[in-house]
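Everything on this sheet refers to the single structure shown next.
Which chain is which? They are A, B, C and D, in the order written, and residues in each are numbered from 1.
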Amino acid sequence: MQISNTIATGLKDWLMGMGFSATTTEMIATAVWTLAVILFILLNLIVLVWLERKFSAFFQQRRGPNRLGPAGFLQFPVDIVKVLGKEDIIPAAADKPVFRIASITLFITAILAWAVIPLGEGMILEDLNIGIFYFIAIGSTATISLLMGGFASNNKYSLLGGMRTVAQMISYEIPMVFSLLGVIMMVGSLRLSDIVKAQEHMWFIIPQGIAFIIYFIATVAETNRGPFDLAEGEQELVAGYFTEYSGIRYAIWMIAEYGNLVAVSTIASIMFLGGWNAPFGLTFIPPFLWLLIKIYFMIFLFMWVKWTYPRIRIDHLMHFGWKFLIPVSLANILVTGVGIYIYRMITG
Amino acid sequence: MLKTQELTLNLGPHHPSTHGVFRCVLNLEGEYITKAVNHLGYLHRGIEKLAESRTYTQFIPYNGRLDYVAGMLNEWAYVMAVEKLMGITEEIPERAEYIRVIVGELQRIASHGIYFASMALDVAGASAWFYGFRDRDEVLDLLEMVSGQRLMHNYMRFGGVAADLPDGFMNKLDKLLNKLPAAIEEYEGILLGNEIFRARTVGVAPVSREMALDYGFTGPNLRASGVDTDLRRDEPYSVYDRFKFNVPVRQNGDTFDRVIVRIEEMKESIKIIRQAMEGIPEGPVMAKVPKVIKPPVGEVYSRLENAKGHLGFHIVSDGSTKPYRLRIYSPCFVNIGIFPEMAKGLHLMDAVVALASLDIVLGEIDR
Amino acid sequence: MDVIKENQVEELVQNNIIMSTVEAAFNWCRSRSLWPLTFGLACCAIEMMATADTRYDLARFGSEVFRPSPRQCDLMIIAGTITKKMQPVVQRLYEQMAEPRYVLAMGSCAISGGPFTDSYNVVLGGDTFLPVDVYVPGCPPRPEALIYGILQLREKVANPKKIARLKANG
Amino acid sequence: MDKIVDREALVGELNQKFGNCAEVFEDNTNQSIKVKPEKLVEVMQELRDNPKYDFKVLMNLNSVDYPENFTVVYHLNSLTHLHKLTVKVELDKVNPQVPSITSVWNAANVQEREAYDLMGILFTGHPNLKRILLVDDFVGHPLRKDWKMQA
């Protein structure tokens, strides 16, 4: 973190020295950070898709891609180049402006969420005092993009996919937020760096284990991954809301989805797994790497679940969300509140 | 009262879960089906008409193309019908009959393996799909060993089989049979015991006993609805009367039962093959049949317990070398007739699974 | 007005090194990432599935991404008999695919009608209405044959000039 | 081998009940009866519901284009008695019409549609007698012997 801090301050000092005004410096620093985040997501993406393919192959007793690069690592970059070279079809009957911007808005929200996500101590664009609130607020807008994509395609499968997404994401937003509330109550701050600092001695997964499970389930639904991938349920909806997308727009959907996956995994690592705090005093691994390891552990969980379970039916999904997850998450908040009260009574 | 507009959704003929080229036009209220209409014939190749311009022997390979996941059983059904018509059923050497039982039951396992795989895929348990195909490949290896082809075996002949079992077949078969029970256990672990899978299938799209009979269900689908019938036991053809096996019957007739019946059948098939392996006699594999097949004037209707149900052949002969009329009673064609009735009121997701649970093969439906 | 001769254009394109390099790179990437359409017609579809499964594992060549939507795939494997009722649908699916798109005719039915050539309802091969790139003979072809066909298509996509030269030489 | 129904007695009973409607049909299978098309539905109903016959299953429905007539062949099976019966209906060569038995077995629905599609036999009273396998504008019925493929 020291290095990154030095880089950031060094860059700012250097820009100031070049005679830029404070605002301009800030803007340039922001732009650099944004680019870095996009680069981070894209680099992650390559690893992620490779992992996804390799893991799925492992679960299915296959080998997976192994011709391009070491163990097929370069398969995805090649895929991306190919997709970029594909024809970009906009169906004649589609709502063209909405169709065009839908995938981009999802991408933007995926990027925006990263404004408050720290990748290490001080490695953050804006350490907002309402960081987690901002993340949730931005995350909810993703729903609209999916609905836009589904609606604008003028395809019945897409429309059904879009409708399912809205129902599912709005329902699962609630338990997700509630599950995070327990942690926030224990820390007493919405600032992400505060939350990480509070976990120096104990990760919140221990007192908030139930909340972690709820968060995990809810985010599987939020990111549209199996077994809750109803929005793109291949078996009945062909490809759901992005059925009609081709070429680069399809690639943007995919990138944004994986971006969201990384984002929720990061939040899970920060909120429950101690962020960049090293466990068992293993401080020789840099904090940034620790965070990365935790993120990838979360992603592995996501993939494990996806490639194991069959898809759940939408009404079961709704029942599960409203009748089970929300009450449990509320109970968790209650127990947490009582616990904090008792703890304060004891400690004074 | 609020009412949503009905949505007409065209499912197929190109759709990931219509098992080929089945097309169904659905009326949806929300995501619940109010009306379903079947559209068939996207794979209609006119096999029945082609049969009239082929000699009896020339028609054998076409059977594999009917139900292309259970080609061996189809060939057997056809060959059996012609043998009945010729009146040479008694002359078939015992060894040939035993070989037929072995390859037929292997084919049944392979077919049910695909059934399990496609079922898994339709509930989006993609990994389980690969397990079904993995074991099917093992079975196909053996069938390839005897016939030289993976799918279209062309192995049955009037009066026997094309060739004797190759060397080393029994060893390989033994190894496979030792492996299969563990594989089936794996199926049960990965999919059948899964909570989500049960929620998706138990009580979904039930078919009552009366309805099943009325709609002409046969085979595993009928047994899932509580009708205890199996041609292999009730009207034993070939040498099935010498084997001891159970006929799995389930009572509810829902999607889950239709899956379970087939999984149980795979286990029974293993038992039958074991018994056939022990009892197989030495001897010739072909009866003495005339070079030119010319059945006498007359007709025959003969059925066989296929992997999907009763596969019947109604052959009318005018005494020439070609059938005068050949009708294929296809179990899938009749089973699919219930789908509009079954789909009514189902959720779109369940309808897809219910369709898969009927075990349809479009090659046989459209012929 | 200048009249541009036919081969002059080609020369211009050939001299434009950057353009052709980019194009070659794209072609190379395309050839290494052929995503088939989840689309089966008949018997061959079963072998197509077997190709993707555990033993044969098409994924090794980066082709395991079977996309159910024609918009997102590159390769249409005509696996099975095309009937007259199905032909418009196949045609429509091909039109829905995004360029560049390739067609592989798998099995004798998709090549010429196979054993059903004299039937009243069968189209005599996919090439009667689609530009087929690679033919994989067999009834049905083994999964290895399909993989070989896809590898051949890969060569064809990666080296369009070589193919053109071969065509010109007959 | 197949259990054979006492056809003489069966035909006698049917004739007694529904007037002169059935007769024994001699062929190599020894299990066929011939029924007049007008009485077909009643006879089928009786064969299904009478516990003495108990033909609960319609095994097969076929149509054959003989030189002298069209014959619709119904193969029936009983799950309890395990016996079989073939019911044949001979139809006019020019205007083949037979009452639909969808009211007796729903299983006949698709099979009758198929027979209509490929053989051109009209099943009167069928709820949805449309082409099922061929395209709607197909000319002719290909399984008829006099049908020739158009170039």
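As a convention for this text, contacts are C-beta pairs under 8 Å (C-beta built on N, C-alpha and C of every residue); 3 or more make two chains touch, one makes a residue touch a chain.
Please read all numbers here as calculations on a predicted model, not as lab measurements.
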item: Farthest chain relative to chain B (centres taken as mean CA coordinates); value: A
item: Gap in Å, rounded to a whole number, between the CA centres of chain C and chain B; value: 32
item: Length of the line joining the C-alpha centres of chain B and chain D, rounded to whole Å; value: 25
item: CA centroid of chain A to CA centroid of chain C, Å; value: 37
item: CA centroid of chain A to CA centroid of chain B, Å; value: 46
item: Contacts with two or more other chains, residues of chain B listed in rising order; value: 15-16, 41, 44, 46, 49, 129-131, 134, 366
item: Residue numbers of chain A (touch at least two other chains); value: 60-62, 234, 238
item: Residues within chain C bordering two or more other chains; value: 53-54, 68, 85, 120-121
item: Contacting chain pairs - touch in the sense defined above; value: A-B, A-C, B-C, B-D, C-D
item: Partner chain C, residues of chain A touching it in the complex; value: 53, 57, 60-68, 72, 75, 78-79, 81-82, 85-89, 234, 238-239, 242-247, 250
item: Chain A partner contacts - residues on chain B that touch it in the complex; value: 7, 9-11, 15-17, 31, 120-131, 134, 190-191, 194, 196-197, 199-200, 347-352
item: List of chain D residues in touch with chain C within their complex; value: 134-135, 142, 149
item: Touching residues on chain C, where the partner in the complex is chain A; value: 25-26, 29-30, 32-33, 35, 53-54, 57, 59-62, 64-65, 67-69, 71-72, 74, 96, 98-100
item: Complex interface listing, chain C residues touching chain D; value: 84-85, 120-121
